[in-house]
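What follows are several structures.
Look at the two complexes coming up: chain A is in both, with chain B in one and chain C in the other.
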Partner chain A sequence: MTKSTPADHSNPTTPSSPGDKPGPWSRHFNLICAAIENLTRNVLVYLIASVALITGLTLLLTTVAVSEGLKTQALRAVRSGADIYCTWDYFGRPGPFPRSEIETLSSIEGVTRTIPRIIGRTQVADELAIVVGIPLHALSDEKLQLSGTLPVPNPDRPQVLIGYELARYLNLNVGDRLTLQNVSSIVFQVTGITKTTSSLWSAKAIVCDINEAVILFDEPNHVSDICLYTLTGAERRTQEIVQRTHERVKAQTQEQVRNYVTLGMTLREGVFSGFFILALVLAIGSFSVITYHGFAPRRREIALLKAEGWNTTEIIEMIVVENTFVSFLSTALSLILAIIWVRIFRAAMIAPVLIAELPLFPEMDIPAIFTPLCPVLATLFSLVVTMSGSIYTTWRTATSPVAAALQ
Partner chain B sequence: MNNPRACWFILFTFVLLMATAGYFSLPSEEETPIDFFQHWTGGIGLAPSVSPAWTFFSMTPNIEVFCENELWPIPGLPCYNPNHGALVVELPPFERAAIGE
Partner chain C sequence: MTTRAPLSSHNSSIVQPLPSLVRLTQVEKHYRHHFSLQIDELDIAPGAWVAIHGKSGAGKSTLLHLISGIDYPDSGNVTLFGKNLTTYSEAALAQLRRNQLGILYQRYFFIPHLPVWQNITSKLVPEGISTVERRRRAKLILEEFQLTEMMDRAPQHLSGGEQQRAALARALINDPDLLIVDEPTSHVDDETQSCILRHLQKRQSSGTTILVATHDPNLLRHADTLYEIDNGNLRAS
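Right, the complex of A and B next:
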């Protein structure tokens, strides 16, 4: 680092050459030039001081982007799902839906398709996976992106589709066999594995035919829920009719689920709120101590500028310009780091903290959306850190006697 | 300004800011309006978890409308599910938000 030479700075009110007339903007221009020269001379100090700031900002931007991405993917899932979800009320919570009631729901006017589902949990090696049993024969023409093929109902050799992360963890490939055990035990053949670009919630899912799920969980008389597809615009009316079929039937429309996701996803809580406050406090403190408060050459430089004839406002203006540059640079660097972290490294190391049960180094695409709000938020954050860490200490130094500041 | 380091600094700042602005001016990735996995399975997921290891509520809250760990083994105790309040978002119990609207 080159030693600070405050004498390099000409007085900002003085024209750069004797013939020049100081214009209304020349003073500000000179201050900007002085600020840039200060930054280049103290680049190492600023880099060290900005580490805490850039780390905090990268975390903040990553979390906001993943949160936005998750919300978008959840809303897309809602849009792609059923029009009405029917469950059976047991003790005020959803319970197994009797198969005997399915026919009643199918016969309601306006219902175009009825899909019963069994959604259960089973242990595979030391992982707990979600098992989704659906009638495969009704869905075999879907254009799902996967390696291999979609499973088809085959009582002699049951077939399954498994999620990418589960297949990776169990080291399974298309054609391999997989034993699932709950109440009963079934040997499945893996016919398809979802891709890394597939829905996040397919990561550890096992999809099989509903009849095999019935055998696996030994539950021939009940399903988990019923998905109803209705004529466009008939959802509300169908919901009312569905709920009248039996006092225990609970029906949720797609609109209700969408409202829930929108409301729920805007409540950004979690451990990160605490981390950000901590990061903000640490960043302000470290910035202040490293750049101004504890950095003696900078204090002496400010004192010498005062001795040279600069007034306090000019010194503070120069420091504000310096820190505005630092804020914009920190924001841009943090944003680029966050984009690389999420898009290229798939939020390695932080993924299981953001989204539960993901591995430390996931290969699935992490949903993330960097909205224009991200740089705005980051710039505000870094301006707060740099200005809080510099303006007061600069003002204190600039208003104290030159001799005291030079010590 | 005659300092070459200052000129390099201005150039670096300009390039960095242009790169950031360029990222936001790129057209967003084309996404099909339908998620075929969700369409195929009728829709599972929504919450920030990829497995129902602790509770179905953490993964698919329209199937289990609140955290089952709140009722078992001892109902009424503070919930021991480590995912509560520790993930990127926290979803409220489904019925309170959607059914009771």
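Right, the complex of A and C next:
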């Protein structure tokens, strides 16, 4: 039953013109605008509520980026490396490889090149450096980014290539001289220094001729491993033949090494993911409490909207839009913070989890790649957090008796 | 209990039974662990001005909440516009509140982060009314309450009287058929009281049914029907 009054054009509730009749999508547009209005007028509340979320996302993005960067670098190194890596079984672990077996491997059908390597550690001043001794003719500056030149065999003045981190620590430049603790009688000349953009493994490396390495470690009869290059497509077959040459020879193809690298990185990421999930749970809780559950004015606002004629679906639609915006903004902010953390702070406190023997606050550039998957994942997590923390509590408030919620 | 015909009726000499706009039958509501509201029967005809008075805490606001559908009785029936409230779907109830009901709460209940004009047009948002049109309508109705200058301010920056007037403007924005008003003139100055009374009279003369809970003798004097709530029981007075 409604009142019977003549049409009143001064009544504010009548449209000002026929064109003001709302279209089918105008309701949704209004709800979106209402959501944006709420966001812009409650920036501080949402910022505080999103602190845990942004923190968790920043950690996630940084970890994923560093992990991706390390994986890419490692895989690039493996891809540009040998087709088969041969080690010698020594009590079930890789041990010194007899030089006498090198000729046997070289003569296997399908093997095009054989490169023995000596890889060890030595003290340089107070720093532990990785010594890589290989036939210098096998080095290629196509694969290495360096300043200076590659070392060449020089009996009078042995030449070395050193990593950027070692050079920085020892304050060495191209042309400087260097002695090592093992054999202080040998004076090396630095001909090249790897750039900071080159792979992390080379940061503290000293690359010298294998014969110098033999003297350094006093191991004339052994090497660390053998790198084999094969004909294209012959890797598997050659691997099988190599394994049959001696029961203690262990051969792995490049593909197998790649898989180990990927698995190793995935396991480390998995450990970090456990902490991330915990952060996510905390983020959901804090978002829920601050924006809804523990925030009485918001509950009262929802109750008031119900009393004014909004239905539950419309309220939830508005909340969904609000939280979608919050998710996108949180992701964007987290991405910016993650980039700053990696590029400026060198992934402090995170990189050491993924890279062994790295100090808590690294002084070298950490490889990191922000793939498109990062923000997509982050947005997804954001949406889960914001929606989990708000939809249920909103629905509960909207379906409760309005009078109680208004008190 | 006697129900007067609305002022707009032309046959004022004949008392005709009018179909109820609001009807409560055997309604009970228990609250505060020891108190209950009991309504045997309450009928409100269209266009009537019904006033309910009683001591503080007697149950006046609770009764208004039950009638407006923002609270539910523990037993009994509340019929609004010819239909039992419990049979309204959520969408239908929302439509009812948007188009036919206007509520002035005892404690204003504004959304603090929205300006006055957005507060009073909040029920027009889900209707799809454009922002420009909503602002136009807000301005028109705020002019009636001399609040045009306040339309862009936050409600907490208004005085008590201004907030009360803005709250009444919100209740009237949709030109409701039933206006439910809880203590509209308490804690406001005489000028605001006069303004509110004037608007209620104007609305009733155009056919709006008014249900008011009040202590104000001025409002009680203008009512067609008076009820008193005493110890949770409603009786005509």
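Descriptive notes on the structure:
The definition used in the following text is that the second predicted complex is superposed on the first by the 327 of 407 C-alpha atoms of A that agree within 3 Å, B and C clash if a C-alpha of one lies under 4 Å from a C-alpha of the other, contacts with A are read in each partner's own complex, and residues count from 1 in each chain.
Note that in this section a contact is a pair of C-beta atoms (placed from the backbone, for glycine too) under 8 Å apart; a residue touches a chain by one contact, two chains touch by 3 or more.
All values derive from a computational prediction rather than experimental measurement.
In the superposition on chain A, A:K250 contacts chain B only, with no contact to chain C. Touch criterion met: A:T312 reaches chain C, while chain B stays clear of it.
Once the two complexes are overlaid on the shared chain, A:A77 sits against chain B while remaining clear of chain C.
Contact with neither chain B nor chain C is seen for A:R299 once the two complexes are overlaid on the shared chain. Look at A:E357: by the touch rule set out above, it reaches chain B but stays clear of chain C. Set against each other, chain B and chain C differ in how many residues of chain A they touch, and the higher count belongs to B. Look at A:F328: by the touch rule set out above, it reaches chain B but stays clear of chain C. Shared-chain residue A:R346: touches no atom of chain B or chain C. Touch criterion met: A:E37 reaches chain B and chain C at once. Within chain A, the residues touching chain B in one complex and chain C in the other are 33, 37, 41.
Contacts from chain A toward chain C in the complex involve residues 1-5, 8, 10-13, 15-16, 20, 22-23, 26-27, 29-31, 33-34, 37-38, 41-42, 297, 300-301, 304-312, 314, 401-404, 406. Interface residues of chain B, counted against chain A in their complex, comprise 1, 3, 5-6, 8-10, 13, 16-17, 19-20, 23-24, 31, 33-54, 56, 58-66, 83, 85-92, 94, 97-99, 101. Against chain A, the residues of chain C that register as touching in their complex are 19, 21, 46-47, 62, 65, 68, 70-72, 81-82, 90-91, 93-101, 103, 105, 109, 111-114, 118, 122-123, 125-131, 133, 136-138, 140-141, 170, 173-175, 177, 206-209.
Chain A contributes residues 33, 36-37, 39-41, 43, 63, 66-67, 70-71, 73-74, 76-82, 85, 87, 93-94, 115, 117, 119, 121, 127-130, 132, 134, 139, 142-145, 163, 165, 194, 198-205, 207, 224-225, 227, 250, 252, 256-257, 259-261, 263-265, 267-272, 325, 328-329, 331-333, 335-336, 339, 353-358, 370, 372, 375 to its touches with chain B in the complex.
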